[in-house]
Structure formats: structure tokens, C-alpha cells
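Have a look at the structure below before the remarks.
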Amino acid sequence: MSEDSEDENRPTTPWRERVHEIIFEADTPEGKAFDVGLLIAILCSVAVVVAESVEEVRVRFGVYLLAAEWLFTILFTIEYGMRLACVRSPWRYACSFFGWVDLLAVLPMYLSLFVGGTHSLIVIRTLRLLRIFRVFKLGRYLKEARTLLIALKSTREKITVFLVAILSAVLILGAMMYLVEGPENGFTNIPVGVYWAIVTLTTVGYGDIHPKTAVGQILAALAMILGYSIIIVPTGIFSAEILTARQKDITTRSCATCGGEGHDHDANHCKFCGSRL
Amino acid sequence: MSEDSEDENRPTTPWRERVHEIIFEADTPEGKAFDVGLLIAILCSVAVVVAESVEEVRVRFGVYLLAAEWLFTILFTIEYGMRLACVRSPWRYACSFFGWVDLLAVLPMYLSLFVGGTHSLIVIRTLRLLRIFRVFKLGRYLKEARTLLIALKSTREKITVFLVAILSAVLILGAMMYLVEGPENGFTNIPVGVYWAIVTLTTVGYGDIHPKTAVGQILAALAMILGYSIIIVPTGIFSAEILTARQKDITTRSCATCGGEGHDHDANHCKFCGSRL
Amino acid sequence: MSEDSEDENRPTTPWRERVHEIIFEADTPEGKAFDVGLLIAILCSVAVVVAESVEEVRVRFGVYLLAAEWLFTILFTIEYGMRLACVRSPWRYACSFFGWVDLLAVLPMYLSLFVGGTHSLIVIRTLRLLRIFRVFKLGRYLKEARTLLIALKSTREKITVFLVAILSAVLILGAMMYLVEGPENGFTNIPVGVYWAIVTLTTVGYGDIHPKTAVGQILAALAMILGYSIIIVPTGIFSAEILTARQKDITTRSCATCGGEGHDHDANHCKFCGSRL
Amino acid sequence: MSEDSEDENRPTTPWRERVHEIIFEADTPEGKAFDVGLLIAILCSVAVVVAESVEEVRVRFGVYLLAAEWLFTILFTIEYGMRLACVRSPWRYACSFFGWVDLLAVLPMYLSLFVGGTHSLIVIRTLRLLRIFRVFKLGRYLKEARTLLIALKSTREKITVFLVAILSAVLILGAMMYLVEGPENGFTNIPVGVYWAIVTLTTVGYGDIHPKTAVGQILAALAMILGYSIIIVPTGIFSAEILTARQKDITTRSCATCGGEGHDHDANHCKFCGSRL
């Protein structure tokens, strides 16, 4: 993208450096203070959203909540502007995940000026909680994250097969129960049956829909034992996977040819394509 | 089986080779296209079955759904025929698991021509979802599957003992509750008690049947703690098992060229000399 | 015990050898046949007990069930007698776990001749299912069992602390909910609160008792997250433990001085008391 | 703190030594006897608290329970005094966790003399169960505890990220359901939605609140599968973590006498030369 490249060679003035350091790092006292302040602001603003949804609170403190909401919106707007101002490439930032989160944190209130009633925007407003992840500068967690990602990546295929298998099981089970129990027992159609199957296999078991006929109960019992033993499989896979990743203390090296990752320390060649590392 | 052997030495004509490549492999563009098409067809046809089970949809779009169902049935019939035509031994294919699944995907509609009402065949019609597994050519997953199978096989005996133990526990628990709570509290007979025990030990807990007497609740509480701690055992076994299988896999493989050892289970090339394993 | 010692030096006649081989081993065809027969008999007799508890079945086939019950009782009595006859020390057998199970399998019917109504004995009658464990000659499973036992033994202390912690948590939680929710919301006393806490922490969640006040729901939510994260601890411990036991492939040697078990192959001294092995 | 330092150099008279040995250690017969007595006293006193909360029991045996409660209070008061008397620094003891627990075990009854009705103190009274942990002298469990702590500490950061992620998921999910289902289906406000989300993701599933609209049920189904697969992550992390901690423990220990390595985490003596580790 052309804007991007020209953003790149935007000159970094000292004040921009300074602001960037405060907002994006946590090494300086100002940086720490900013993070703490941001954390509090985020939590309070979320608390406001939650409180607003409570009837009793809204009727009594509605106006104060609105004021607070506007206060936080303005604060976050300023912060958003500063971030845009001090990053080396505003465009990339704006398009990044956190860029969107920061924007969505302020947008709803401004929208509410034009379209009446922010009620339907309440979910978007809660998204601002995600900004919390900004505060722990993720650098510290990257190593952890990497181990997790490697484990997840190398289990991806297994998990895929596993999920498809689950979905098939859930669909067929739902269809069976729909046939066996029928609408008179609450299984009005296959989607309901599938919903029941998921509620059961995940051991949530609300009890809003449950088998009443003998055959249905036998089917359900078998399904539960199945579901109970099924959780073992991915858990085992994942534990083993993450342990392997851990023990081998995999290097960050990635193959220049095929981009494969997760090479051992003593590896000279890519284990996937065999080209020299 | 005699047909089988004579199938074997059926001459493979070029067009047969071609079709086989398209249908059974995914290396050629045509093969990929076919797979994607098949995937979509399967999902749509399942969606039709599901939609048909919804009262509101059936009354409004019943005729379209029937048309779609026939369309997919004909498509799948053609596919089935082509598969039969191009495999080297049709008989073995027809008797294979997927052979049956492919057949069951089309059979219900043809049956519905003679016997009225396919309602009771709805479960068989959902089975066609299993054909999804055709689409990921399982070759890629075989290695994963092997690790899983090794782990499962070596835990088989343990799991058997474990299951029998569970079943005994469930039966005895069910009988106890039937005795303690009695029909007046919903435990009308031992099977119901067993059903309750399974619902409880798997932590599903619908709440349709639950102990009301003090003794029953104490029994239930003990059962829950039991069930809660029981899941640990197989999980532990399985995790250990799969990890052992993995590690064995790592240790046993050595490079034919340089004799290097300690290759990962997902390695295709020797990490030392880069030659294919 | 004096009987015991004199049992020991009871001469083993050939026919006794023969019967013992058939009943207790599964190497000879007769032994296998006997096992299969026993398995079927056990399952059928349990099925009879279960069926008898079902109102509809009892009223219609009550007499046949009674006949079958007597048949199995007599069969098992003969078997029990033969076991007593062919073992080298009848007394020790009679006192062993399976000795008791075998006896309890036949006792209820004989008791029913004197005291009327075997209803309250129904639980004892279901205990006969445990005799199934006789059929898989446990020798094959001993190695598995040993690994399990070692893992369990070495986690015993951890599990103890863990269980006491859980019980404290459950009691205190129950008391809190009793205080917060009170009898008007179903928490009529602390035992009920504890019952609720167990139902919740084990994620069974019947829903027969659940918090209705805001404070109660917050407490419950915290408790659930607690309970959810708690299952991780013992699972992790156990997985690690069983894996260690597996990998070290522990010997059966036990220390002559302190009786400690689980020594490595290369161990010359007991790792607990240091005395020579 | 000045008292502290002067406590330190408080002369330890022989009788004080003696009492300390009895109360705080379990090596002497008196010490063991004291522990057993304490254990019984604690359990009984807790039983009294629980029994008192049961309507029927209170009305019939209220006076006896009160007497028993006073008896235990006096016993625990004496014990508390003796502990204060024999420890080298009473102040530090009084400020320690168990010091507080010991105090809170007796306080409620004395308070009940002045303020009427100990009902609201019932939770504090149940806290005395924690004194059980005094009885297993924790020394034996320290090694186990250490492994656990190491594992927990090294997973702390991961768990933090994990918990924040869960909380965000729960909040956003709650808001979505509040929007989709609305007050007419029981989701009266976001807190209720969050409560539902926690009840669902932890697979407790009371069923007091559950989605009724199709969209809500689809959302719920997705959330359940999410929650179901989420438990795998921390379990895997923790299992791997604890195993690593264990193995590190094994590798790092070497015998001072013969320099042998690879001792188990529960080994007290070198397995090669038998000398104490």
C-alpha cells in the first residue's frame, strides 16, 4: 500500500519520540503512570457500560453515567489521536487489530449523536475491554505465547479433524434424538436436536431440553459417556504437544525456503524442505 | 472373494486413470476443483436435510427442498457411479466404509419412491456428512492418526478396565439411589437410577431427576466428587501414553544418509544432512 | 489363623487340580469356556435384577424373573462350593474380597426365604456385577494396574492435601451462601449449602438449588471459576506422575528394610532408607 | 516492629520448650496424642456449627449445641493461650495466618456475649476448619508443595493472560446475549448475561437462565464449544509445567558422596551409595 511506504519515511521529531515512549513503552516512570491510568480508565469505562444496562441504576444515575461515558470517550479520542500522531506509520496502526479496537472504543458515542439510541451498540462498547491487553506490554508474554502458538500450530491438523468429527457426531446425534423423541418432547427439529447435543456433549446440561423416552435416555447416556471420554483426546494431544515444544526449547529460526518453523538447536537443514538453514 | 481377485486384474484404461486422478487425488487443479465442489455439495445437501426438519421452513419451501434433495441425490448417484467405474476393484470399494456411506447418501430418496415418507430415514440422510472426511485426503492426517491410534491401542486395556469399573459404579449407584429415593422422588426403577448416575458422573446434570432426601443428596455429593476425580485418571493415562508414543516416534527414526537421530515426528528431511527421510 | 495354616498343607488331589485349572485359569479350552459361561451368567443375572425393578416388567414377568433369579442363585452356589472345594485354603478364599462378593451374590435369595421381601437387598444383588472382574484374569492387567498404583501412591499425599482443601472450600462456601441467600432462596441450612457447593464446583449444576440474589450470584460465579481452574491442578499432577512412572519403567523391587517401592533399575540402595537392596 | 525484636530474645525456659514440643511437633507420643485430640476437637466443633444451622436440630438440641460450642471455645482459648505462651515471638505468631485463624475460632462466641445473635458470624465460625491444616505438620508436604508452587509460579503469567482473556470473553458474550435475548428471556442486564456466560463456559449449566431465541441458542452453542476447548489450554500448560519442574528437580540433584545423578524427587538417600542426600 502506497500510503504505508510513505508513512515509513516520515521524519521522527523528538517530541514524537517522547510521546511514543510514554504511550507505547513502560520503562519510564511516565510510561508506567500512563499505563496505570489507562488501565483504570478502561475498567471504569467498562463498568459504566455494564452499570448502564442495569434498569435500577440507569433510571437513577442515567445522567451521570452519560457524562462519564462522554468523559471517557473524549479521553480515549485524545489518546487515539496521540497514538496516530506519534506512531511512525499511522495508516498501519489504524489498520492493525488494536487500531480498530481503539477506534471502536470511541465510535459508538459519536454515532449516538446522529442515530438515536446506542442500545444496539452496547456490544461494541464492551469491546473496549480488549484494550486491557495493551497494558501488559505483550513483550514479556511473547515467549509464553510462542510456545502456545507452536503447540497450537502443530496440533492444528489434529484439532481440525477432531472438530469435524465432533460436528458430525453432534449432527447425527441431534437427528437421532429428533427422530426418537420428536416434537412432543421438545425436540421440535434437527437444529434443536443439535443444540441439545452440544449442550450435552459439553456437559453443560441446562435441562431445558432433555430426553423423556426410554430410548432417548439410553441414547443420551451413551452420548454423555462418549462426550466424557472425548475430552481426553485433545487434552492429551495438547499436553504432549506443549511439553514437546517446551522440552526441545525450539529456536526462533525459520526456514528461508519454505518458512517452516520449530527447528531444533542442532539442526543444519530445514526438516520440512531439507534446504540449508 | 473371487470377484475381488478378478477385479484386481481389470485393465486400467487411460480415461479411467484420468477420472480416478480427478476424483481420488487433489494434486491436479481438476482434483482440487472437484474436492471443493464436493465439499460444497455435501454441506448444501446436509443443510437441506436440516432445513426440511424445521416446520416453518418445510411448509413454505417444501417443494424447493425436495427439488434440491433430488438434485443432490442425482449428483451423488453420478459420482457414486464414476467412483465404481474408475476404481481398480469396484467390489472392494463398494464394501469399504466410504463405499457404504456413499451408497447410503443416495439410497433414501430412491427408497422414498416406493415406501412413502422418508421421515424415518432422516438419520441415514444426515450420515452423508461423513463424506466430508473424503475431502481432506486423509494421507496428510495419517501420521497424526497413527500417533493417536498407537496411544489409543496401548491404552485399550486400561480403558477397558476403566469402563467396566465405571459401569459397575454407575449400576450400583443407580440401585442405591433407587432404594434410597424411591419412585416418589422420580427414581422409578434401576434403569432411571443408572441414567441419573451417568448424567451426574459425567457432570452433565440436567436436573430433570435429582435427589431430594438428605441421604440421597449425601450419596450424590460423594458420587460427584468421585466422578470429578475419576476423569483425572484416563486423562493422565492418555496424556502420558500419547507423549510416549510421540517420543518413541522421535527416537526410532534415523537418517539413512548420515545416520543422524532425534528427528521430530513431523520431519520430512534429516535436520543434519537435509536428505529425505 | 490356625485353620489357615492347616488349610495350607491340605493335600491337592488331581481332580482338585483339574477343577482349579478350569475355574481359576483361562489357558485350557475348558477354562475359556467356563469364563465365557460365567460372564454370560453374571450379565443375565444382573439384567434380571434390573428388569425386576421396572414396574411394568415385574407385574407381567414377575414369576419368570423369580425363576431365573433362583436358577442363577443355584448356579452361583454350586460355583461357590466348587471354588471352596478346589482352592488350597478355603478359609483365606472365603475371607478374600472376591470370596465375599461371591457369597453376597447368592445370599440375598436364601435370606428372602426367611425374611420377606428382598427389596432392600437389591443393592447387594447388584454387587454381583463386580464378579465380572473375575473373568478378565487380572494378570494381564497387573502391569497397567501397577503403573496406575505407583502413580496414585506417589500422588497420595498431594491428593490428600488437595481433598482437604476442597472440603474446606466447600464448607466455607456453603456457609457463605446459607448466610447470603438464606432459607427463602432454598439454602435452608449449611448442609444444603455444602450440597450446592459440591454440585457447583464439580460443574454438575442440577439447578434444583441456585443463587437468586445478586451477591449470591457473584459468589457463585467466583466459585465456578475457582472450581474450573481447580481441576487443572490434580490433572496436571497425575499426568506428570504417571508419565514419570512410565518413563522410568520402575522395577518391582521393594526395600527389605523400609518396604519402599518404585526403585530405578540402576539403584543399589533404597532411596528412602539408604539400606542395600 | 520493636515488640518483635524483644520477643526474639525472650529466654526459652524448659517448660516452654516442653509445651512447644507437644503443641507444635508430632515426634513425641504426647505430640501425636495432642494432634489427634486437636483434630477430633476441630471436626466436632465444626459439626456443631453445621448442626446448629439445621432448623430441626436447633429447636430440639439447641441448648446442648450451645454448651458444646462453649466447651470448644474454652478449649481453643486455652490452646490459643498456650501457643502464645510457648512460641518464641507471640506477636509474630498472633500476626501469622494461623494466628488469625486460631483467634477467629474463638472470637465469635465471646462477641455473642455483647452483640446478640451470632448468626451473621456463622461463616467466621466455619473458618476454624482451616485449623485442620495445622494437624498435618506441613513439613512432610512441603516438597510436594514446592513442586506445585514452582509449576504455578512459572505458569503465573500464562494464567494471568488466560484469565483476562476469559473475563473479556465472558463480558462480551454476556453483552451479546443481553442484546440478543433481552429482558423478556431473563437476560435483564449485562451482569446477568455475564453470570449466564460464566455458568455456561464453566459447564455448570444450572438452567435457571438459558437462551430461548434461535440466535441466542446458536451463540450459546458456539460459546460452549469454545469453553469446552478452552479448558484444554491451561491443563496442557500446567501438566507440561509440573512435569518440567519435576524433571528439573530430578536432574539438578547429585549425591555429595559418589556424585551420582538422576535421583527421584522423593529420594532421601543416594540410590548408588546409599548416603543421605
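Letters A, B, C and D mark the chains in the order given here, with residues in each chain numbered from 1 onward.
Quick note on the criterion: a contact is a pair of C-beta atoms (placed from the backbone, for glycine too) under 8 Å apart; a residue touches a chain by one contact, two chains touch by 3 or more.
The structure presented is a predicted model; accordingly, all values stated were derived computationally and were not measured.
**Student:** Sharing more than half its contact pairs with C-D, counted by residue number, which one of B-D, A-D or A-C qualifies?
**Tutor:** Equivalent chain pair to C-D in B-D, A-D or A-C: A-D.
**Student:** Across the interfaces B-D and B-C, which one involves more C-beta pairs in contact?
**Tutor:** B-C is joined by more C-beta pairs in contact.
**Student:** Measure off the straight-line distance from the CA centroid of chain B to the CA centroid of chain C, and report it in whole Å.
**Tutor:** 32
**Student:** List the centre-to-centre spacing of chain B and chain D in whole Å, with centres computed as mean CA coordinates.
**Tutor:** The separation of the two C-alpha centroids amounts to 43 Å.
**Student:** Taking each chain's centre as its mean C-alpha position, how far apart are chain A and chain B in Å?
**Tutor:** Roughly 29 Å, centre to centre.
**Student:** Two or more other chains in contact with one residue: find those residues in chain A.
**Tutor:** In chain A, 191, 194, 203-207, 231, 235, 239, 243 touch at least two other chains.
**Student:** Which chain C residues qualify as touching chain B in the complex?
**Tutor:** Touching chain B: residues 46, 49-50, 53-55, 119-120, 122-123, 126-127, 129-130, 132-133, 136, 140-141, 144-145, 148, 151, 159, 166, 191-192, 194-195, 198-199, 201-208, 231, 234-235, 238-239, 241-243, 246-247 of chain C.
**Student:** Where on chain B does chain D make contact in their complex?
**Tutor:** Those residues of chain B that touch chain D are 203, 205-207, 235, 239.
**Student:** Could you please specify the touching residues of chain D with respect to chain A in the complex?
**Tutor:** 157-158, 160-161, 164, 167-168, 171-172, 175-176, 178-179, 183, 188-191, 194, 200, 203-207, 210, 214, 217-218, 220-221, 224-225, 227-229, 231-233, 235-237, 239-240, 243-244
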